[in-house]
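Given below, in the form of structure tokens, are the structures.
Next come two complexes, and both contain subunit A; in the first it sits with subunit B, in the second with subunit C.
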Partner chain A sequence: MKITLSKDKIESEGIALIERISGEDLKQCYQCGNCSGGCPVSLEMEITPSQMIRQLQLGNIEGVEEANTMWLCLGCQQCYSRCPKSVSAAKILEALRQLHLRKGEDHAEIAEMDMPLLKRGPQQAMVSAFRKFVS
Partner chain B sequence: MPRIGVFVCQCGNNIESTVDTQKVADELKEMPGVAYTCSYKFMCSSPGQEMFKNAIKDNDLDGVIVSACSPHMHEKTFRKASEAAGLNPYKCEVANIREQCSWVHHDETKKVGTVKSLDLTRMMLERLKRNKPLKATSIPVTKKALVIGGGISGIQAALDIADGGVEVVLVEREPSIGGNMARLSETFPTMDCSQCILTPKMVEADLHENIKILTYAEVEKVDGYIGNFTITINKKAKYVDESTCTGCGECWEKCPFKADSEFELGLNKRKVIYTPFPQSVPNIPVIDAPKCPKIQKDKCGLCAKVCGPGSIDFTQKDEIVTEHVGAIIVATGFELMPNEHFGEYGYGKIKDVVSGLQFERLASSSGPTGGKIERPSDGKTPESIVFIQCAGSRDEAKGVSYCSKICCMYTAKHTMLYKHKVHEGKSYVFYMDIRAGGKRYEEFVRKAIEDDGAMYLRGRVSRVYEKNGKIMVQGVDTLSNGQQVEIEADMVVLATALISRKGADSFAQKLGIGYDKDKFYSEYHPKLKPVETVTAGIYLSGTCVGPMDIPESVSMGSAAASKALGLFSSDKMAREPITADVNKTTCNACWDCVTACPYTAIAKTEVKDREGNIVQMLAEVNVGLCQGCGVCVAACRSKSIDLAGYTDEQVYAAINAF
Partner chain C sequence: MKIPYYPGCTLNTVAKPFDESAKASAITLGFELEELSEWNCCGAGFPLTNDNIMGLAAPTKVLANARAAGETVTTLCSVCYNVLKRTNKALNDDKERKATINEFMELEYDGSLNIVHYLEILRDTVGFDKVKEAVKRPLTGIKVGAYYGCMLLRPGGEVGIDNAEAPTIIEDLLSALGCEPVDFPDKIECCGAHLAMGKTDVVERLSGKIMTSAIESGAEVIVTSCPLCQYNLDKSQEKIKSSDAGFKTVPVVYFTQLLGLALGQSEDETSLKDNQWDIRPLLAERGV
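Let's turn to the complex of A and B:
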């Protein structure tokens, strides 16, 4: 896929918003890949946390939106604890989720969840999932 | 019968653990010609050396062998001690029974080690019996230095030598000293202005009583050897009398003819009578003869009419100057790979594709735009600039396998300069690796990215083309899985490869120094003798050795100066007497040795009779230049050359004793 780089995209309002919600400076990341290396779920992600940051550095928000990365992130902060530049990929992914949730675009519908799962699943996980997936 | 002493060192347990040193000493005692032997714990220790000296005196020894470590370690130590005991130092030899024996054998019964030590020492004994007492020669030293190249490195070397109280001749090819550093706008990583830190040094060199600056001059010929070089310099005609010119500038203001400025790298024009830049040292103009109508066709001559002191002299001719110096510092600098090599980056077709050095001029307050960043094509302020690193560097297809080292840093600096001057501008940098090894260098690059918003893309540019007045740059960002990226830019800056100067190879041949495949000059040893060359008395400094930045060039200038000052610290210089010697009766003048000698130390000489007729031609060794490598000995077909201290007789005696 070819993308066109421009100042408008790289320094767009969307990017500024993500930086404001997450409190992270995307330019800080130098793409060492430590976050992706340590992430317990990066194997299942369509793009890894470091690739997600790279796409945002290039101003490609759509590319990140399409991927399952933000919904798979556990928020365990492994990425942050390993980052030599103290960037939290988890916070950036939380910001990306917030962009959806604040618009009321939920990623899960509690009513549609089947009962066996709700009964079997650990309470902690359920609370966490509601908090992450539901506005 | 000789009276030789043999001292077998135990080296603590280093030798003793696999060699029975006492047995070696005892058996050698029985050899003919041996008057004294002993085994000792540490021969190199102070008491060991005392014992050594006393043994020489008490036993009236006329030759000594120390069977110990490699001669590289302590030959000097024992030769000095021998001399102190009244023995010729070249009658002292070291047999290596540590590195070449005890350390490579692990036989704890000491059988193998002892036998081999005996062999090695016996061989040395037979060799030593044939050693002649040699005398260190000394050659006079001319206390004056030549510095070739007036860039920052050469200026630093010249200043340091001059401050040491020695006269220096500084030769520069261009009309002004300053070199490439004079072209820079700011310098990384401190961002101080290049002119502001360079010009004081240029003026200091100009005013220094021990420095003679010859600009617009080139070294034509180098003769002689360490301490005694004769340099032939061609001072090109400036057509201006340097003794009367005041540098008022009337001539270049009135001159009606223009030419492309070499200093501005074609970004601006200069007059035909010109100084390269306003702070030129010396501030004396030169006339570009091929472009001057007065000199070519005897028309105009306006400069001569307006010149107050009447300094213009159209009849001036090139002048040959001869200088006698003791040491030479080569600081001839670098040039950039010609941009014409970069067709894929649109160079030549697209006017707004410039080199890094050209961008320096655009950013420089004394440059063609007065420090405003403007496109060369239409003078518009660029809204975005793409910087392409490794343009030519690390590109074996273009003949450059090495990293040019300074581009990562200056490109980061360029993005900062651009951002500081054009706040709305956006810079993109295509790089392969960021090599920011140096004090505060990594931080500097991060600052360019994090504070000044330079967009760094890891990958190369495949295509640059024009579209609707914009320059389209197509490349790849390998950090995002090899995603193709396209940028609409207003300007492209190539961080072109730093290469050796044109003609660097033939100049090295003139000097008799080595150079590598890239025509950068070779150090004697890349780590431990970084400023020396294979030719004694010639030192290296700056980017003629390889890509380096300003701090490195300056330190190398000082290092070369300290080597030269070391040479100048005494009137005479002692030379090892291990030199080749030609047997005049058997030399048949085939000149194989002349071709073979890597130090050009062998000359063809004529033997004349009383009437002055040449009766014979002979090879003759210049002991000042000879390094005692022995190549000529091997090359000589008639076996007419012997190396003092390593004669065939000595070597064969040692082999036969085995």
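Let's turn to the complex of A and C:
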């Protein structure tokens, strides 16, 4: 993949906003890949947690937005637990989700959710999913 | 000794066997879980972004109500435990945040509540040696995989029930009950959690990997302390079985169901029939 580096993109307002909401300094990541290795769901992701951080370090917010990564993150904190630099990929992915949800852009329709699960499933699954997917 | 108890949303409904077996076991072990007179859902997930104060509103209200009932609160659900403990720390780490949320919620919560998991009471207050002494029906020879998942353990520095990478608290309890704990590689992996809402294929792969890891390590039963883990592992097995003929199903029960059984509760009292994959034939086969 061809990437054009640009100071404007790397230091863009969008990147600053992601850093502010997540509370994470993207430059701290040195791409060891421990987060992606530990992530139980990285095999399902179009770009892994460490690739996501690398794309943001290069200012490529669009590339990260297009991937399913943020919507698959479970928030299980394995990435953060294993990071030698104490960077939380989970927090960065939560910030990316929040950027959508705070604009009212939902990722799921409650009306379309599985009815048997809504009736018989654990409430915590619903509350947790609504918080992650619905504004 | 009465200990204020926060059940959380799921323990009063689909995870009732977890709640009931824990309450009955507590009585046998000399303490009583006293449900908070007023409580609400914790939010079922700690808000990961620092500026999301609204996400702290529900758990802060739980903490305030619990503090009014005493200095300590206990909970069974891994997610409730995680959310309450992290919220308490988030409030204590940032006085401005604590003041803002108190003002918004019209509360006066000072951050002084002690949040302990039921497992911690067994380990630190009762003592596993005393639990062992109280066992009437040792579950001798039953090979059990302790599945921790994520919320009971991580982040280690904030939750701190045990070593976040190599926990043994559940295995230590299982040993006291006479079981043979089975260590397995995936015992701290996530089951797929809220992806149960809409992404069941992913949940089946994640939960399937965990169960296979446990079964291949010799586990005949898996125990958990999280209603969502229990649900995901339980419900995934039918589907996994239909696509993988070699997959051997495994009972997934709450650790308190085995505790209750070992302390002398009947199979009905511990609601063993409510689990999708029945553990009773195994118990009968082993004569325990």
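We take it that the second predicted complex is superposed on the first by the 132 of 135 C-alpha atoms of A that agree within 3 Å, B and C clash if a C-alpha of one lies under 4 Å from a C-alpha of the other, contacts with A are read in each partner's own complex, and residues count from 1 in each chain.
By definition in this document, a contact is a pair of C-beta atoms (placed from the backbone, for glycine too) under 8 Å apart; a residue touches a chain by one contact, two chains touch by 3 or more.
Please read all numbers here as calculations on a predicted model, not as lab measurements.
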Applying the touch criterion given at the start, work out whether A:Q124 contacts subunit B, subunit C, both or neither, answering first, second, both or neither.
second
When the two structures are overlaid on chain A, which partner does A:E11 contact: first (subunit B), second (subunit C), both, or neither?
first
Using the superposition on chain A described above, determine whether A:Q55 touches subunit B (first), subunit C (second), both, or neither.
first
Please work out whether A:Y80 is in contact with subunit B alone, subunit C alone, both, or neither, and reply first, second, both or neither.
second
Could you look at A:V134 and tell me whether it touches subunit B, subunit C, both or neither (first, second, both, neither)?
neither
Touching A:C32, do we find subunit B (first), subunit C (second), both, or neither?
neither
In this superposed model, does subunit C or subunit B come into contact with more residues of subunit A?
C
Could you please specify the touching residues of subunit A with respect to subunit C in the complex?
20-23, 40-41, 44, 72, 74-78, 80-81, 88, 90-91, 94-95, 98, 108, 113-114, 117, 120-129, 131-133
Listed in rising order, subunit A residues that touch subunit B in their complex are 1-7, 10-11, 25, 27-28, 30-31, 51, 54-55, 57-58, 60
Flag every residue of subunit C that touches subunit A in the complex, lowest number first.
8-10, 13-15, 41, 43-45, 47-52, 55, 77, 79, 149-151, 154-156, 164-165, 188-190, 192-200, 202, 205-206, 209, 227-228, 231
Per the contact definition, I'd like the list of subunit B residues that touch subunit A in the complex.
383-384, 424, 426, 428, 446, 449-450, 453, 455, 457-458, 477, 479-481, 483-488
